[in-house]
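Shared chain: chain A. Partners: chain B in the first complex, chain C in the second.
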Partner chain A sequence: MIVCVAVVGHQNNPLYIQSFTEADDALKLHHIVHCSLDVVDERVNNPKKSGPTLNETFLGLLYPTENYKVYGYLTNTKVKFILVTTDLDVRDADVRNFFRRFHSAYVDAVSNPFHVPGKKITSRTFAERVSNIVKSFGLSSTG
Partner chain B sequence: MGREVSESCVESLMTEIVSSYCNHLYANKPELAARRIEAIGYQVGHQLSERYTMDRPRFSDHLEAIKFICKDFWTELFKKQIDNLKTNHRGTFVLQDNQFNWLSHMSIEPSSQNSGSVQDPSTMAESKAAQATGMYLYFPCGIIRGALSNLGIPCAVSADISNLPACSFVIRIKA
Partner chain C sequence: MEEYPEELRTPPVALVALVGCPELHAVISTHLHSEQPPINTLALPDFSKISLISKTPKQPPHSAQSLGIFKRDWLLKHRTRVPSVVAALFTSDHVSGDPAQWLQLCTDLENLKLGNIFAELSNTYYRDEGRRIKTCLERKSISSVELSIRYCFKVAVYAEFRRDWVEALRFYEDAYYTLREMIGTSTRLPAIQRLVEIKTVAEQLHFKILTLLLHGGKVVEAITWFHQHNTSYKGLVGAPEVNFLHWEWLSRQFLVLAELLDMTSATIQSTVIATDKLSEWEFSSAYYYQLAAHYLKEKRSCFELTLSMSETASDIDGNAESVAPSVYVGQFARLLEQGDTYTMQPITDEEYVRYALAEGKRFQDSFEIIALLKKSFESYTNFKAQRMASYCEFKMAREYFSVNEFGNAKLLFDSIASLYRKEGWVTLLWEVLGYLRECSRILGSVKDFVEYSLEMAALPVSIAGVQSLSSKECGPADPASLSQREIIHKEVFELVRGESGLASNEENNSVRVTGDQPLHLEIDLVSPLRVVLLASVAFHEQIVKPGAPTLLTLSFLSQLPHTVEIDQLEIQFNQSVCNFTIVNGQRPQSAAISNVQPGHRVETAPALMLSTNKWLRLTYDIKSDQSGKLECVSGPHFTICCRAESPASMNDLPLWKFEDRVETFPTKDPGLSFSGQKATQVEEPDPLVDLQLGVSGPALVGEIFAIPITISAKGHAVHSGELKINLVDTRGGGLLSPREVEPFSTDNLHVELLGVSGLESEDDNIRKIQHSFGLISVPFLNEGDSWSCNLEIKWYRPKPVMLYVSLGYSPHSSEPNAQKVNVHKSLEIEGKTAVVFSHQYMLPFRRDPLLFSKIKPGPDSDQMASLPLNETSILIVTAKNSTEVPLQLLSMFIEVDDDDIGSLAQCNTGLRTLQTLHSSCLEKSSRRFSLSFPR
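Coming up: the complex of A and B.
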């Protein structure tokens, strides 16, 4: 199950962060997302380590914690997408697919002429689309 | 996906943007009008670059980003690539389009050619033409600047129309 997704701008400013848990652990999840930003920077600045994934938008598994797996995605415009999931065996293809759909939802949201670049995304349509993508991710990985 | 936009509509809109900013909103301040038009282009370029770079790996250097502008970005906008790219390898790039679409259907107002009474009429008309077309180039300049800034390359873009209908865009990357 995906517990948290986030969009982070090029100056590491949060553009959108949403957790999908019943429990009151939003702060913990935000903390995990925050930590992952350093890993993203490390991957990008030391491309040797990441090897074949050089310059690919999908950064793969950033780091595993006890209960979560954190995946990252970095666009050409230096916008980061972070995904926190509790699933322990996640297929790479599923995550890639998730990020692709997430990215296109983001692109549609920022193409709104009333959206101010660099500001938080407040669009309800975007929130709805993201929660749909998150829901369908659960389905495709279990079924 | 891949929705199409009528070319003539875009051209009419462009013409109207320029004329309303130059003749109504900022009639006495051409520089301010130019800045506003450039800012609209900047926003458009900023958003378009987000969309058009979606399915490609990240660019490793400036040249790669500029090449993207010349090839894929220009193809999306004008259905053709930039014809010539020059660089001094120190942050200045010149993109030349031999038949710039947004200018190729424009002609100079005939009345402006009659008004040259003191000066030589042909040079007068030419400078007027340059001034008038210059206004229409702030928008594409803004698009290029917006796209590059969004890709993490701050720059200044200007246009050169010394030999119409060819049109050159000069990109100076800020160090």
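Coming up: the complex of A and C.
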């Protein structure tokens, strides 16, 4: 189950962060997303280490915590997407597929002429779309 | 790791015993210990002590069940008390035998290599012991699982004695897997103690495996193994009353791995690359230290819960005294004293729980947690993973907070807050600020409390996109919300108005903001409190004349949730005469503010209300000068000093800049918002003094040319006036010839400023005269007076020159730093040679009717021309008068050198006839004569 998704801007500032848990760990998830930016930085600054992920938007598994797995994605405009899931056995294809759909939702949201680039995403449509994508995560990999 | 016994942490070393000849033992021991691999020795002085190492006849194991998995002292026994080889040493006089063999014995002794023979023999012993037990294992004749594990362990230890790491690893793993299977099946002990025993044994086996893997350089395998270990035991929490034991155990697993990784990291770091399954973080000890801290926290909370639930917490201590670790690893028993001997009696689970609780109370988990987090923090900092390091700092700070070390907590929280501010993580910042606010309240620091409160109240948390968080995890501040901001706003303003106090822990006194202890906050360009109050100042003009009024717009912006009323604004400039105060017209009582000095300008504004995110704009006229500091005063005991910012160069508000909202400008005129500056340039006043340069005609080479200068003071008096004179070549390149080697030699000088005449006292007035520069002081002139002098300039070569004269004076006083006014004048003067003669041949095709006026004296006119043979050539001779005096040309001779070739001599005669022909007036003009050369 996906417990948190986030869009992070150029100054490593959150543009959109939403958690999907009933438990009292939303704040902890914020911390986890924030920590994962260290790994994104490291991957982006040392592309040699990450090997196969060179020149790819999908950054793969960023880091494991005891109960979560954190995945990352870097758009061509250097906006970061972070996904936190409690599934300890996740198929890469599912995650890639999720990020693809999330990216297109993001592109639609920021294409809104009333959206100012670099500001937080407050669109309700975007939030709904994201929650649908999150709900359908892992159900089918064809999506 | 320090908790493990020494024999478990280090690889076993073979043990041999020496008996007899005690004087040689030290030498032999040292020698054997320095062997590679080393051998430990057990030295017995004589044979009477041999019984120490004799084997006690063992009873065959209980047929039905064994009492434990393995004995606590078995490993130590084999490392220190059970030798693999016994060497008996005799002196030669104790040996008797066949003398024929004596020689042979001596040779054998000579060839004996002590180290090798011991190593060989002990290897054989350990191999045989291992084999013996292995055979038992293979025969499957073992009655219990416990024995099977014990045998595997023993085989592995014997293999380790032989340094056969592969076999050791295999048998440790066998033992580990067999043990894991035991969990569901064993019934030997009561449930709680059974699990404790299994976990303790598993921990030891796991530790052995991990050490062997890491020492073998197999880091990836070690970490994979660890994950497997973690996965298989993580869920085995056990009975709820002792679940804290499980978390403690789990925390220790992570700690041990982290320590082992730290020990080996120096050698392996370069070789480790992230694999597909493991990320790079899983190779760093930081991650495991952090998790160890996490599970230790889990342990603490479970422990506290258990403790609070146990009804008779007081009698826990009493019963636990006689319980001690038993002879088997992971077991506990009651020690019964029977005369001189002790016997062990099994205990019930209830007794064990009481014992565990009593033991648990002895530890201060918080400090352990902080120590773990600190290690993790340092390790992350080395990796330059500042966010992860900050998260560790945050957890440390929370731990300090929970043990009431507020000073330490505040330091850490402060450093984290700056990172969250920078990156705009509002929810995380809110949480940290909540802690900071609470820390400063308890520490009684009013200023910090007010600052943190104001910052929290001005955080952008009401905006969509921030989820409501539960209060459980938010620390001392309730979850971030608009209503919470409003509460904090109200609280802090009640405090600064002196209406309420701040209840702190310091001597139980509430701290108040009063007249005796006023509160003063500074907000500069980088202060986080810019969101609370942002002040911008814009002059409407970038340059103003002194004394001329200009407009100044002050704009204030606040993100506080409620409207703030300002009592008084004090605007300060770097020129203090311009300072003025704006008072709130709706607060008549505050109009009589004491610190307003007489003559100080006071303006009254109808209202000074700062609404949320709405610019308060005030425009006033101001005379001259630049702005400096802008001071805003609010409340009788509370002042905020705010650095003024220029709208043009103003940075976005931190945090709020990421919010999706309408941009607002500090001034109504958007142009001014983009270009407005907080400083303006004040020009110097217009000069009211005339400077005249009188010149008559061109200057002639060689004459001393005088240029009269007149200064007439029309509207200003002239104080400490100064004339600067500069001569500049109009064509550039200076007034000296390019081949200027000696700069002051007059040979190379083309134009020179000689001096100034017409002065009353030359010594006083001329301060400096150089070839092209002069400085003259002008005496004091009253309004209406005038003063003059003459510049003397000499030309050495014909040359046009620019003369620059500037007069600097101060209109009001003669103080050296009084404001100066400058007048500039310039003039181009041509320097000419008085009379010039030149000649030129006319080219053959431009004869006769051609116009003279077109012919210029070419630069090459002095050069030898080649003329056509046998033809008439025309020579043009030009005379030019540049003076103003008319000159009469009386005669002109043209001569040809007699040495020249014959053809030219002919011309000579022809020319002579011209001598008297022309005599006319040269009146400042040039005359041309044409001469034809007949054949």
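To be clear about the criterion, the second predicted complex is superposed on the first by the 138 of 143 C-alpha atoms of A that agree within 3 Å, B and C clash if a C-alpha of one lies under 4 Å from a C-alpha of the other, contacts with A are read in each partner's own complex, and residues count from 1 in each chain.
As a convention for this text, contacts are C-beta pairs under 8 Å (C-beta built on N, C-alpha and C of every residue); 3 or more make two chains touch, one makes a residue touch a chain.
Everything numeric in this text was worked out from a predicted model, so none of it was measured.
In the superposed pair of complexes, A:D24 makes contact with chain C only, with no contact to chain B.
Of the two partner chains placed by superposition, only chain C is touched by A:L62; chain B is not.
Touch criterion met: A:S104 reaches chain B, while chain C stays clear of it.
Considering which of chain B and chain C touches more of chain A, the answer is C. By the touch criterion stated above, A:P14 is placed in contact with chain C alone, chain B being left untouched. Legend: residue contacts after superposition of the two complexes on their common chain; A:N76 is shown touching chain B, with no touch to chain C. Under the contact criterion defined above, no residue of chain A touches both chain B in one complex and chain C in the other.
Per the touch definition, chain A reaches chain C in the complex via residues 9, 11-19, 24-28, 30-31, 34-35, 37-39, 42, 49-50, 61-64, 66, 115-116, 118-122. Chain B meets chain A in the complex at residues 43, 46-47, 49-51, 53-54, 56-60, 150-152.
Here chain A touches chain B in the complex through residues 10, 55-57, 74-78, 103-104, 107, 110-111, 113, 117, going by the rule given at the top. Per the touch definition, chain C reaches chain A in the complex via residues 273-274, 279-282, 287, 291, 294, 385-388, 391, 394, 422-428, 431, 463-465, 467, 469-470, 472-474, 658-661.
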